[in-house]
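For reference, the structure is listed below as structure tokens.
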């Protein structure tokens, strides 16, 4: 029977974003794939050349909108490297807490989209319900549910509100029980297992060669987590460990392994948050006013030509890097060049090749297990 | 990290766990049954969480109750909140607009923390343009409008410090019926612009205690007593905000050093059918009346004292001027 | 035992109320020669319509049950539109006030009625027109069955949607296949009895007829998939054809075992058999009941077997290119087939219209309990049983489980279900030949009390009780049997051409 190309996307319920995946099928088996990206390219890097360093932060929130806080943090570390600012420790703790809350929210969003891909429609609503808890926390802290514009060069915009710590701890503990509920629904369900196990094998060596990072390689046994390997912020002071899954097959990590890694990462994030809120310098119930030196250090606003700043950060989906060159317009108020390395941009072409050899029905399973977010891919 | 201990595709996992957990979730949404099964797997909305509330947040919620208080908005149906039935277990859905999130979680929308609709107190704005410059999206526009300044409208202890009427400049007369209406007008609930309480006119001639004015609305001229007129200035700062472009990042609020620019806690009420509806002009950027009044009073006191100091200095200088020739005269003689 | 409410007798029998009245009316008129045929035609017409409408409108109940049950399982409320929203106007904003568009002002009385209803029952707030609309749509205030008419509204919405045929689609087949699917589905409704006296038609071989009609739809599905000129629908249609074919055979064998056990191919007679012999079939053949349910879920293409229309990959599978009421009718047809499957399960395994322990309780003379119990209409019992089957089996399975992949579905059908179905047939033969006691059958269909055909060793109802306990024991043992140290042996085998990791980019 002849082979045919099927176009999945740009408008398709499965694609987790706006892109096209063309697959060549022979009956039900995938023989070749071709990915087309760029539908939501907004030119963030170019826009940044005309904005101050403070004004760029809201744009970075919108890179990966599901995981906004981590991307804003990632950019801010690069700006702080460029402007040579020392960040107070309380601000680092607050950044850690907000980033881990965001990681939880992002992983829940992933799961809520992945469930319906496999067919478990109930999961979508459950994940949204639990994500609300963390969105409310981030709303109290940052001022809105999705695009917070919270970190500032030299610290954070405002301190944690009084009483935030109690609510944070209570919600995180509630969520830890909820993870068990999810595992009851999924890990202890035959149909979920037969859909995910044995599907989408991805070899550790191939992935490292291709540049994939994040939970995807940790599922294959590679112990590389930027927070663990090159600790930034206060990740070396809180009690946690990276979630690395040793795959059961020599062929590499299958979808089930990647799913397990993210569930364990959620547990680790809960652990981190509970530890960080106890250790935060200045106390968890004090509230310093905005601009206080405990949470925001004075920072220069101009960077001379020739200065560069670089950050290497563990975003939810992999390792993101920002590279800023100073000396742009306004005598250095704007960057000359802002370059963003998006983990998903590297991963998606690799994933497209992973799907070869499996069935059409496995395409959403494999795609979803790599957790694509096209916002950061297209920038 | 090993696989989940029960993660084996066998007969048990086919029938037992997914059915059990969906049954528990469903039963938990019904009252009384929910209480039996609900304790094990806690719920979030529609349940009571004493650990979430503490004295500080209760105090803050109480102090911000007026700022957050959209209960008195008559455009929404009467608010039925779950406060009435705090211990019944229900599905996690918050039935907006009957149940509103700020009732269920009063610690949300903390004033100053939430990036809601923009609110500007124009009386205290000094037109420094910091907000316009910091906005990443160019959505703020500064203009001028014809208005009666606070100082010109003051009575009582701060009265008489305003500008004088001048030919070629503007004056205004209060509209009595509008002033009466404004006493009970609540811009938060009315969902329409505040009615204009002044009738503006251009001063053509001043003679004695009367002034000849040409009214702006009709173009006709008439003679009015000067005591009835207030000075109006057409260079008072005003502005427009394009909410269609605004990304609610809050940078404008931070940059305003004179605390005239706020982001209120309102998250709804900003919709329209056309893009032009989203251009909010000055009347739609009002903050809550109490906050507004407080700021205006403070500004009035500040400007009045500044004006008094200025006039005292001028009077002293004039006295010094008249004293000098007298002295010179005295000195000469 | 026959149900006391006998519509068939009323409409069809020559001495029944309807026909005799009609014939006596036509007596003496020029039509008196053919009075018999006319009354027969009228009686049949009336009966068929009544039964069909009863079945069709009771379906809205299961649509509502599904939406609300799903919502509760997902920790939310579900559709809460109020009944009031049917008569609320939109203040002239949209076509909600459709009566104004009727010619010659014919809509004025409707408008007046609408206004009166609004005044009397509405939840209005004249000051704020927008609030008005929200108030009247929703569940605030008094509501009856919130969300019940949402499905009706959804159905009506399909009427106003665009109805298109893709340009290079095979037009004739494209338009014919919905007819095939929907008409065959409605034919099933024709022969489902609601009780012994309420049915449209009762052919002698209705079991065979049921399975045959169920089998027409796969052809329509395949036609739809092929003719749409769309790769998604093609894949969906092929998957569907394979899946439905694979699951027809265990279904057929299960129904064969029911027929063998009951000794008849007629649905109503098999229910009489269940009563006269003393036990419902589910207790005699639990394996068959489980097989029937699983194969029926696959036949109607619901999760976990809904690969052919899997949203995630195929958008809507073979339904993709249909719009407007065609799509609505296809959607409805899926639910009608599900409903028909519930009815068939009720009739074959749960004793149809018989109340539980009808014979025993029905013969209690004390306090008139027996006769009061027997007053409950059998049709109500059938409906309630079907709804419960729908809720517990179809809805719950849909929202607790995920989708199984096509090749896994086929493997499951051919390798697991088919042997079990064959086993069930063999067991049915054994039961009928060796364990069945014809002397224990009640001769008179109307006798109260249940028979004792399944007694053995002098003890009542030994065969069903032992059978049930045996299969329950197997179920429990399987449920708890978990060898924790064994390596997970995959139930289904995944074959790939070349697994990932072996392909080197650039060197294919």
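Just so it is clear, A, B and C label the chains in written order, and each chain counts residues from 1 on its own.
Operating definition for what follows: a residue touches a chain if its C-beta (ideal position, glycine included) is under 8 Å from a C-beta of that chain, and two chains touch if they have at least 3 such contacts.
Computed from a prediction, not measured in an experiment: that's the story for all the values here.
Chain contacts in this assembly form a complete graph, since each chain touches every other chain. If you compare B-C with A-C, the chain pair joined by more contacting C-beta pairs is A-C.
Centres computed as Cα averages put subunit A at a distance of 36 Å from subunit B.
With each centre defined as the average position of its C-alpha atoms, the distance from subunit B to subunit C rounds to 58 Å. Subunit A and subunit C have centres, each the mean of its CA atoms, that are 45 Å apart.
For subunit A, residues that reach two or more other chains under the stated contact definition are 122, 126, 129, 185, 189-191, 194, 197.
Those residues of subunit C in touch with two or more other chains are numbered 73-76, 399-401, 488, 490-491.
Residues of subunit B in contact with at least two other chains: 7-11, 16, 18, 21-22, 25, 92. Interface of subunit B with subunit A (complex): residues 1-4, 6-11, 13-14, 16-18, 20-22, 25, 41-42, 44-45, 49, 51-54, 56-57, 60, 92, 105, 107-108, 110, 112-115, 134, 136, 247-251, 254, 263. Residues of subunit A touching subunit B in their complex: 51-52, 54-59, 122, 126, 129-130, 132-133, 136, 139-141, 143-144, 147, 149, 157-158, 161-163, 166-167, 170-171, 174, 177-178, 181, 183-185, 187-191, 193-194, 197, 243-246, 248, 256, 260-261, 264, 285, 290.
For subunit A in complex with subunit C, the residues that touch the partner chain are 4, 6, 8, 12-14, 25, 28-29, 31, 115-122, 124-126, 129, 185, 189-192, 194-195, 197-203, 206, 251-252, 353-364.
Residues of subunit B that touch subunit C in their complex: 5, 7-12, 15-16, 18-19, 21-23, 25-26, 28-30, 43, 74-77, 80, 91-93, 95, 97-98. Chain contact summary for the complex, subunit C toward subunit B: residues 69, 71-77, 80, 125, 127-128, 130-131, 134-135, 138-140, 396-397, 399-401, 478-482, 484, 488, 490-491.
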